[in-house]
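Order as written gives the chain letters A, B, C, D, E and F; numbering starts at 1 within each chain.
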């Protein structure tokens, strides 16, 4: 996809951006687009990973972003399992959108099987509307409509999808970015999981290869 | 799963039984169960595969069944794209059920993205009810309720599932069975697709390995 | 929308193409695209309009098409209230798609409150898949994927939509095309109805003017 | 509709009562009913309308109510984008219901495309149940069931509806009431939008004229 | 409910009219209304009830109708498990509606867990629209809109309902009518089942007694 | 159901455990299982039942538990109508689960017609996932997956269900347990209501007798 200058990805937790649309991020970056990732929820603090410092944890996201060619990563550090919808949080996302002024936006699809993913879907859809309205001046100047807003799949694969992207050239970058999340791989081999899902999606849509599929939330008329 | 003597799999087309539950079939067979596969729709006749004879086409299913350890394969040969719900077709499935008297039944889940898969789901659910009723004596004696009725995924992965089976030991059998469908692989590399989906499902449910997931349509109380 | 050479509109009955996407059709034609309209169901024959001959009735559609700039109108003449899904009917639509090879396709959305509209939605979605597959050679050579497949609203306005087109410049053509359906206007003033809906949609999406809104069923990656 | 003495309209924001059921309000008032409007959310405070004072803003609602013949307007002044479900808020609505003891109640329908509209729908349904129960004495005496509870459409027109009201005689009052919301019209011409939607609904349901359509949430047996 | 002169009940099979709305039928009849029952599907012919003759079977319905005070019973005798939607069948129902010109109509609700119940729901909704249109003159003169169209529950109780009728005075008539279906009671004690469901519905809606609950499909404005 | 050692029932309010699954609780206890009931919401405090002391109110639950054979009752005392999802509340349920380590879990089904029932459904599903994960060590050691997780019906009977339990032997215990909720029976005769629903479910599923039906949320593979 050429001609795209700015992309924004809204991720509930670190690594959702890789699982959901890592191949597409790498493709955008390879085509010269600036990609901004906004991570909503802070690190889960339940005493499990005591041997991973906060610095090491943050470095994982930074490494994954570097592998994919992400230009900027914004952390909103909302509390895990205490995520609340609020005006303040909506304005944080509106501000990120208005600063970025993206042509393409990615967020979790509307039915993902994780309560925080669905909350971030609703947050993103609402913030997109707010960012385009003439209100909410405290969060910057109104932006125009993105050309494409897409919902990605993490915990619940989509039963129906309206957009497919071949990620054959960027599969290894996606898997390598996943591999940067070392503390996460200790629990689950998502590096293998993303490869598997991409293969299934490739066979389903093109008879082979690797793909990411998306729910289309908005597509603009083309000039 | 031990203690299961008879299993029935309802497949819209040849190869759906492998994609949807090939690993589970192999596991049942390995545990000594007799597995019956009922294929509803006949070969698509659009002149595409002129170089594959009907005998060669039928042999693909036979080979796949042999790899998985299927005991019996029943073909109903309903016309492709002209599949109609009818009393006659329902009774055909009732008869297969009453002959088999299965403890476990597999059929497509209720929202698969193929019109004939959804039709076969409805056919199976209806026939299960009919087979247990005291009516329809022309199709055999009433059978008792299966212990487990499961919906499998082919074209639309399930957004929510209620049952998981680890197929790590039977993955290669599943892939090999898929490989028997040579005329199908010429169009789409489903052998790679089933491996990918099983890997994604394994990571999602157990942090690694390979799994099949199912919609639960009925589970009996255990004695 | 420039760069579009061919458009196909699937209409259950004459006049649905005007109500659902008449403004968009006029816009496509004004931009130089060839537009093909496929009408699925034949004239309702219940003795009501005895004073309108079949020739007069057919002329209404021809007149509306001329107003909008439609290049070609195909009539499938399926029986009203006896519409059946069949292989033959699917192949008729596949043939029209493969002859047209459209970049943009319009059909009724998936939840319109008319049983024949929903049947034509399913018919169109299925035929689109068939037309792109390598099977069904008796209905022509496989076509490539359209860039955009859209569902339009007639009896049930969309609760959510993913695409908007400003039809301000083509509103009067749409209303005039509606006016060609003289025997229909005798029952219901759809010329006023389409103006009203377009105004509501314009206010909702742009604060004023006139618009048509659509369900997005497929959008291709852009080169 | 004669014989109705009291009507209550629950509106998320000022002007929703006009868009959703302004024609019906005018009809009730013309028939002698007392109409109470309860507005839930306070004025959006994002610095946009600096040149409109709070007094001017409040006057718009008062003017619109006067045009429609509303007897009483209650403002709950909940914070915009920070609306929270709470016992206190539910009791505020229960109190308004028990004071009014309406035969007809209007609230947003259950699927309107605005997060605060859906929240107010749930609030209204819950408060209706609470108001009829023998609990919650701190908010007044239990009221009896309304004869009719209706969901109105604003952002998402209804895909299916169960009740239609011809508002031909009251259309101009509805449009004039909309015109009172001067600061709102500066953003979007809802005066034109409500006329358009009413025309579309009239054609759809009666072949012409103007109508409002509703989701039926409760209808009492008639004596 | 007084002032109702004519009622039409659409039943998929004999006894559905009793289970779904037998108490309401008795109430209508007690208030002087003429009630017409239209049974769509003929007797299931699977050799089960050889000792019940067709005359005896038909007499069961006649007896149940007599108990409830039904004025007229129309049998359409569509084939069981081979029920097809067709123009001819729709016109049969249109004709019954236009002959009856009912103020209140009952049909199965839209999600009952029986494929023929859902088919008869769609048939009824479509036929109601057709009966009110100015087309289809071969099936009689257009009728005006009923005041109330209600969906009743048989196999799937309603998760949400919009109308309740207290049937305390008519419960015994309902149970007695159910008792007339002797060949059916030999399989399932629906006489106890209807009493149980009515008790649950009474407690849920009024704290005790017996009730029938309904999905509201249409309610007319009252003069 | 033999072989079950521990059962956990999550109830929004006192008495939901009886209405939803009281017969199954009695059956589990009769088979030797320890049953833990977790009640989430505290007593409604609206001044209604001034003549019932808190001690008397608490005794009702204790009595009902004693009748059914419940081993332990945990009260979380969340505020009524102010129930909020929070990390703290989730951990409270995780702790109860990890202490109990149940083979069978009961919670309200996903669509019950009460906002607090749906909130407790989501709470339970989330807590089940958390309790099995290796995180959240502050709430105990990870537990293994239950064999069966079931959703029960209170305010909205299930339109589809996947599990049935014959409660014929335990019906009187269920009714007697309901009778212990004396302050509740003063408002609504739920003792009659549960008998009625169980009779309807028995006839529907077995042709007679009494049953409880459930939504299956998870069923483990059997060894």
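Couple of notes before you dig in:
The definition used in the following text is that a residue touches a chain if its C-beta (ideal position, glycine included) is under 8 Å from a C-beta of that chain, and two chains touch if they have at least 3 such contacts.
Here the structure is a predicted model, which is why all the values come from computation and not from measurement.
Both chain C and chain F are touched by A, B, D, E.
With steps allowed only between chains in touch, the distance from chain B over to chain F comes to 1. Chain B maps onto chain E through a rotation of 120 degrees [Cα fit, steps of 5, range 0 to 180].
Averaging C-alpha coordinates per chain and comparing to chain E, the farthest chain turns out to be A. Comparing chain pairs D-E and E-F, the larger number of C-beta contacts belongs to E-F.
Of all chains, B has its CA centroid at the greatest distance from the CA centroid of chain D.
The two sequence copies chain B and chain C touch through a face in which the numbers common to both fall below half of the numbers used overall. Chain C and chain D have Cα centroids separated by 36 Å. Chain A and chain F have Cα centroids lying 38 Å from one another.
The multi-chain contact residues of chain C, meaning those touching 2 or more other chains, are 187.
Chain contacts in this assembly follow no simple pattern; the graph is neither a line, a ring, a star nor complete.
Here the chains touching each other pair up as A-B, A-C, A-D, A-F, B-C, B-E, B-F, C-D, C-E, D-E, D-F, E-F. The touching residues of chain D, when paired with chain C in their complex, are 111, 113, 155-160, 187-190, 192-200, 202-204, 207-208.
On chain B, the positions that touch chain C within their shared complex are 44, 46-48, 79-82, 115, 187.
Put simply, chain E touches chain C in their complex at residues 85-87, 90, 122, 126, 134-138. Residues 1-3, 148, 162-166, 216-223 of chain A touch chain C in their complex.
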